[in-house]
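First comes the structure, then the notes that go with it.
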C-alpha cells in the first residue's frame, strides 16, 4: 500500500495535493480503491460546481456498490479528469495519478492528515 | 378448500416435532395475540378447481368480445402469430424471476439482449433498457431522465395520448417537476406555441408520433425547436409505425419511448402491456431499470449479465433516478418473439396494411358524410366529424362491431391489418343507414 | 449460443400477413433503412427460443428459495383463466356495459384483498411493488397537502428496507430519514421516537421485516408515527407470512401495497409482469388513482368513478389486469381456510429449514422466524475464504436456485432463504443436505467452491468487464 508523503489525506480516504495556496487536486487513496474493488464508473462533478468540505461531491461505482467521494475542501471545481469516465480502471491502477477534480478558490479545509498519520489510521 | 401445500398433516407434525413446538401457531409468538384474525376472517370457503373454473369463466362470459374492432386510442388489436404464445407459455420462462443468477438465467438474459437490439433497430437509437411497465410510465420516466440542475421543466404536446399525459402529471406531482402542455392546432403540435413556450429552464419536449389523433407530426421541426432551446427531445412512437416511418434517431430524438403492446400482446382490458425505452449513447446512463450486457465467463464463453446496476434502487437507494425493480420481462420476451416472427418485411407489411385500411375506411366514411376533421398525413388512426355519434356507435355495436372512440370533435377510428375490406364495407354500410 | 440475428438467412420468413385488399398507401416520411430484424424460418425460431428456455431455471425446474421474492408454485388454472378470450380480447375502452365481467374481477378481488389486509379500498393500477410504493406515498402526500399540512417532507425508512422504499420516497418528492435497526433486526423504537416530528410525512415498513422477523412492537411503532401526525405505509413484500393470520390494517397501517406476483401466486415471468395493488384505509380513499370500480347499489351494475381528490393515474388504463385475474383465481381457490393455511405452512417450512441449517450455519438472528430467515457467512468466510457468493454458486451445480445474496445490507455475507409453503419436506431435506455438504466442502476443498459452478451453461461471468465496456446490443458485423 502506497502513501505518498507530499499529499494530505482525509479520514474518508481522499487525497489532496495543493498546487498553490487556494488550488488543489483531489482523488481517492490506494487504500480506498483496494477496499472498493474494481471500479466501473465515476459520476464526475461539473466544472463550476461549488463543493463543501466533508460533503459528497461525486461518486464511484463498483459492480455491486456505489460510494460517495467526500470533498477535503470547500471551493469551486475548476476542472475534472474526464478521462476517468472512459477508463475508471485508472482509479484502481494508479490512484494517485488518477486525479478526479481540480478545485480552486479554496476557502476552507476539512480535518486533514499527513501521510504518516493516515497510514497509521488505515493500518488499525 | 383448494391448497398447493404438499406436506401432509403427518409431515407437518413431524416438522413441528423437530422444531420442538406443539403447534404451528406457536411460531407466531411475536405477533400480539389480540391482533390474530382467527375465525373472523370473512372470506368465502375455498373451492375445487372445477368450481373456480366455472366461477371465473362466468365472469369472462359477462364481457363482450367484438368480431370487429375499429377502436385503438392506445390499445391495438393486431395479429399475433401462434409461435408467440407457444414460446412464452414455456414454464421456465413463466415461472423464473429476475435473472440475478446469471449462470442459470442465460435464456432470459440473452432474450433481453436480443430484445434490446431489436428496439434499437426499430428506433435507430443506440441503447435500450429491458422494459418498463407501459407507454405512460415510459413517458414519465423519460421526462425524469432529462432533468438536471438547471433544466427542470418538461413540455408535452397536447396531441399525446391523454393516459400518457395523465401518468406524466402524476409523476410530476411526485417529483415536483413542472409540466406544461403545448396546445394543438389542426390535430398537431402547434409549433409556434412550442417555440414561444420554451424557456431557459426547458429540460425536454415530448411528442407522440403518430400522435393520439393518428396524425403525423413534423417530428424534425419539433426536434429542431427543442434543441435550439437547449432541451432534450423525446419521441413516443408506435412500434408498428416504426417499421415504416422515419425513426426517432433520424428525427434527432435523444430518447425514444412508447407502448409496445402492438408487438404481440393481447389488448387484455389494458394490461399487462410493455413500455420500451431507448436513448442515445450520451444519455444511456440515465436510462432507468434493468439493462443486459454481453460479457464472457471464466472459460471465455460469451454470456450475458445484468449490468450498469449501480444506477438502480437496490444499490443507489434514495439516490437512484428511478425506483423500478420488477418490469415486464415476459412481455418483452413476447415482443422479441413477435419481431422475430414478423421480420422487418412482415412488420412493414403489418404497418402498411394497417395504414392502407385506415385510409380506405376514412375515404369511405368521408363519402357518406363523415369527413376527417384534420388535414395532412396520418397513419392508422384518424378523427371524423359525426353528428349522430351515439346512434352510429350503437348501430355498429348491435352488429358486433366496436366503433371508434368518441373524442372532442368527433370519433377517433382505427384499423389494423386484422380488419378485412369486407368488414370495413359492412361497417360503413351500417353507418350510412344511420346518417 | 448464437444470437437470433446470427441464425437463418435473408429471405427466410414466416407467412403471416395477407395481401392488401384495399388501395395501398405509404408515408411520405419513410425510414431510410429497414430495421435489421432476424430472418428465420418457423423451425429455426421455435428451436432458438426452446434452447433459450432450456437455459433458464424456473420454479418448475427446482427449488427457488429467493428470499423476499416468494417464489411459490404458480398454479396452472390461473394461466387458463387469464387466457380466456373473454379477458384477453377485451379492449380497455369498450362501453362499460360490455366489460361488466372485467369490472367484477376488479371489484371482487378488491373486496377479498381488503378483507385479507384490513383495508377499505384498493387500486390495481400499479404494475409492480415499487410502482405500488410510489402510488401509496403519493396518497400520503395528497392527504397532507389536502390538509394544508405542507411541512411534512420526510419519510422514515429503516436501514433494513428494500432499496425501492427510499427510491420511491424520493420519486414522491420526499426526503428520506434512515433509522438504524436494533440488535434483533427490528425497528429501534427509541430511534424512531427521536426521528419523528412535525416534518414526518410517514413511515415505510415491511412486517415481517426483511430479516424475517415479525416486529413485536408494531402497535407502538404505528402509534408513535400517528401521534406525530404521520401515516404508516406497509410494504407487502412479506405478506405471505401472515396473510389471513394478522392484518396490516389491524397493525395500524394506513396504506399498503401487495405484490400479487409474490403472495398471490401469479408468475414472475423472468422479472415481470407483476402487479402492485395498493390498499388504503377510508381516510385515503378519496385520493386513489382513478378510475375506480363502483357497483350501483340499486341495479348491481359496475361503473367507473373518479375519486374526488384523485392523485391522477399512475399507468395506462386499469393496471396489469390479466395478472389480477390470476390472483383472483388463487384467492377463490384457497378461500377462508386455505389463505391462513398457506401462511402457516410458509412459516413452518422456513423454521424447519432454519433449524436444520443451524446445525452448521450461523443465523443472523435467533428464531423463530416467519416465512424467511437470514444466515450470515462471515465466520465461514473468515475461516475458509468461502463467501456467501461461493456457496450460492455451489448450489447452482446441484440444480438449486440460490437464496437472495447480500441482502439486507445490515447483515454481512447474507443469504436469505424463503422456501414458501409449496415445497415439500422431502425437497427441503434434500436442499438442507446440499447446504451442509457445501459447508463441509468449504473446509475440505475450498477451491472447488471458488471454481463453481462447472455444470451450468456458462460459468462465472465477468461483470466488471461488462460494466467497464458496456456491450448492450448486437451489431451485425
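Which chain is which? They are A, B and C, in the order written, and residues in each are numbered from 1.
The definition used in the following text is that contacts are C-beta pairs under 8 Å (C-beta built on N, C-alpha and C of every residue); 3 or more make two chains touch, one makes a residue touch a chain.
This structure is a prediction, so every number in the text was calculated from the model and none was measured.
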Chain centroid nearest the full-protein CA centroid: C
Chain located farthest away, centre of chain C as origin (C-alpha): A
Inter-centroid spacing, chain C versus chain A (mean Cα positions, whole Å): 38
Whole-Å gap separating chain A and chain B, where each centre is the average of the chain's CA atoms: 43
Whole-Å gap between the CA centroids of chain B and chain C: 20
Multi-partner residues of chain B (each touching 2 or more other chains): 308-310, 315-316, 319
Numbers and ranges of chain A residues touching at least 2 other chains: 40-41, 61, 63-64
Set of chain C residues in contact with two or more other chains: 463, 467
Residues of chain A touching chain C in the complex: 38, 40-41, 61, 63-64, 88-89
Chain A contact footprint on chain B (complex, rising order): 285, 308-310, 315-316, 319
Touch list for chain C against partner chain A, complex: 406, 463-464, 467-468
